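Labels for the chains are A, B and C, by order of writing; each one numbers its residues from 1.
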Amino acid sequence: MPSPSAAVTASLAPVFEPGFFSSGPVHVALAVGGIVAIVSAAVGVFTVIRGQSFAGHSLADIGTAGGSAAVWAGVSTIFGLVAFNVVAAGVMELIGIRRPRGRDLATGIVLGASLGLAALFLYEDTISSSTTGATVTVLFGSIFTLAPGTTTIVAVLGAVSIALLALLYRPLLLSSLSYDLAAARGIPVRLVGGGFLLALALAVSLSAVTIGAILSTALLIGPAAVAERLTRRPARAIAVAAAVGIGSVWIGTLIAYDSTVWLGGESLPVSFCIVGLVFVAYLASGLIARALPERRLERRPGARDALALPEVD
Amino acid sequence: MGSDADASRPSPPIGAPSATNTVLELDDVSVSLGGRTVLEDVSFSLEAGEFCGLIGSNGAGKTTLLRLVLGLVTPARGTVRTPLGGRGPKIGYVPQKISLEPDMPLRARDLVALGLDGHRLGPGRRGPAQRAAVDEMLEAVGAARFAEARVGNLSGGEQQRVMIAHALISRPRLLLLDEPLANLDIRAGQEVVRLLAHIAAEQHIGILLSAHDMNPLLPVMDRILYLAAGRAVSGSTDEVVSTETLSRLYGQRVEVIRTHGRVIVVAGTDAADPTHDF
Amino acid sequence: MFAGYLVNTWEAATIVAVVAGVAGFFIVLRGAAFAAHALPNGAFAGAAGATLIGANTILGLGVFSLAGAALIAALGRRARQDVATALTIVVMLASGDLFLSRTSEYAPAIFALLFGEVLGISSGQVVPTAAIAAVCVAAVLVLYRPLLLSSVAPDLAEAQGIDTRFMDLAFLVVIALVTTMAVPVVGSLLIFSLLIGPPAAARAFTDRPPVALGLSVVLALLSVWVSIAASFETNLPIGFFVGATGAVWYLAGHVRTAWAGHARHPEPARARRAARTPRG
């Protein structure tokens, strides 16, 4: 059926600047971005429910240390990232503090120490190979400069992360809502929490190495926060978050691509475009949630005790 | 004793109680939260030295009523009169959830001292007078033994005593406690109730204590404020806790059973389906 | 290492350490570690933006960290604090990326802003550092008691007439000021280690808030002094040593707490296991 699609393409010509669909880097960007958005959405919903945004963001930054260490050791960046993040997640879990304040602090110390290592490795990288570019690449990533083979690695790592999440789904949900309740039912809460941190470490590794630390956190937390405002059911929240994530990545990529034409040679950074869309989606979700009266009740701070909603720790 | 910080605070329709000995007056107060009516036409007054139990099941509006008295919730209708202004040291408050974490570097006596001056600016120097006041208050609530201990490491009952000392040290005329017995075992609960009754009489302050179970309070309560589904009835225990009064309040037939010195409220004539079994 | 050209380094680093110790005490007490990471990290975008329009770096840092503090506070009214912080840092960093893409001259300075250039402090930098530091310490001292109470027990603070929301915002502003002052000296990533490592250890060794505050300052001073000396001797980046000492302090505090806890409750794990209902 060539005619309808041709008509669609023609009508959308002002939207999609020439070469968007034929560009190799764009194909890879859309594919990798899509996978990352889905994995981040699934893991992100639990990250937000569990209040572990800081850990999620930290792992992306810790990936910087892993990436710079890999450059220093001359091994593949993704290997360094995954190794560092899995170890960091293990250390966070070993310190294992239940209270959010203490947990954030433990996360922060692991992050601080890793950043110290990152400083060391980046310095060594700069001395040995005199490539200052490594710093920027590891910190900010670039979705347009991915090697085509990346798609496979990303898909495999993403699948492992999702599989782990699927395996842990129910005990994880219960222990996220109430640690004590889960412990009382005989769920090995720490093991489940550690398994989740592993899934988080994998998801963040693959997003940090492909799209950079900024986008990694944006796609992990933003869409999940949107979903949390719009729905209370975890499975539906994952679907909403995935939709928001994919939408932001694809539209953001398109805008960044098109901006080259609009701005006459210069372009907007793709991470800026995607983060902008995620943030707009988040603000819009607030307006939508406020328009739904019964949701407003649940979101009011302090309303929980007043209305005797179930306690969630 | 009037605090500088409180005079400047704009407060909702709140004024000094009309009678000198009255420490709290609610006049036809209604509260809505997020479009839902949580309290409806509640009228109530409390005298200094009186011990009043605020009784109701979960979701009846107990916490909202206490927050209303504290000035943290604004009434949709009606007036709330509390001793000289809304918040500040004139009203002592012990919250339900005590979340003092063990890794906080804070001794029991530090928390009590903050009850005296925690709202003031500047680092502050505490002289011998303040230290004596803290010691005296810790002694009064039976917390002198663990005054120097890290407050987050204390047991629930011990933390409660510290919180009561924190609330009382500013010499309030009204003390509010939100479910203080919920996390205590029966013995510790009895001790706290006896302590509070003693404080009410000794220091001549009004106490409003919320609980879902009235039984531990029966020996000491002067009055009861019973909440059900946002509506309230108050009076002496005998007046309120009767089949007729509570049936009217709940809007359905409930039965009050007194047995072995305990009170049990059950739904309808069918005792097999208790709504309120203690 | 005490040569004339390093005097500025010692002065600026000492000032930063004192402020980090003071502000860090409340950061740890309030559980604001994420915000303490997000503001310095995101504010680096402000420095990039300032370079782009040819403005003063400190001004850019100040504007961005204050805007970040306001955004965290605004978003935090309707969402969890950690989500609000994550969104804020992402927005700040993305604008930083935009600024960086507009300029080509900036790249070499990134490393310095992220990881600090403590060995290259000029005498002109010491005065603004000291001035902002004085404001930070004064703000914390003025707010000391309400800040302490609202940190340890927010509901008690509320009942006592303290505006806890104002305290949240005021404290975020303090973190923003610390950021502005410290980022040019120790870098946006490593001020964080200095902010949380020393106070995390300090609280394990004393039960008194003022003593913990003082100890936190002492440990922060030790951190920077040791780090400068080590960095000078080994020629490695100072950030590595700041991160490492931060972790060492935390570990020391952790060991101390575990030891004290062990002495108090010899068998907590077993008791917990016994209390757990069997699988049914």
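Throughout what follows, a residue touches a chain if its C-beta (ideal position, glycine included) is under 8 Å from a C-beta of that chain, and two chains touch if they have at least 3 such contacts.
It should be emphasised that the depicted structure is a prediction, and the values quoted were computed from it without experimental measurement.
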item: Chain contact graph, described as a line, ring, star, complete graph or other shape; value: complete
item: Between A-B and B-C, the pair with more C-beta contacts; value: B-C
item: Centre distance in Å when chain A and chain C are each reduced to the mean of their C-alpha atoms; value: 24
item: Euclidean distance of C-alpha centroids - chain B vs chain C, Å; value: 39
item: Centre-to-centre distance between chain B and chain A (centres being mean Cα positions), rounded to whole Å; value: 45
item: In chain C, residues with contacts to at least two other chains; value: none
item: Overlap residues in chain A, where contacts from two or more other chains coincide; value: 101-102
item: Multi-chain contact sites of chain B, meaning residues that touch two or more partners; value: 103
item: Parts of chain B lying in touch with chain A, wherever the complex brings them together; value: 33-36, 38, 58-59, 61, 63-64, 67, 73, 96, 101, 103
item: Residue ranges of chain C touching chain A (in the complex, touch as defined); value: 28, 30-31, 33-34, 36-38, 41, 77-80, 82-83, 85-87, 89-91, 93-95, 97-98, 100-102, 107-108, 110-111, 114-115, 187, 189-190, 192-193, 196-197, 200, 236-244, 246-247, 250, 254, 276-280
item: Complex contacts: residues of chain B adjacent to chain C; value: 3, 5-6, 9, 70, 72, 86-89, 91-93, 95, 97-100, 103-107, 110-111, 114-115, 117-124, 148-150, 153, 163, 166-167
item: Footprint of chain B on chain C - complex, ascending; value: 29, 141-146, 148-149, 152-153, 155-162, 202-204, 206-212, 257, 264
item: Contact set on chain A toward chain B in their complex; value: 99, 101-102, 293, 296-297, 300, 302-303, 305-308
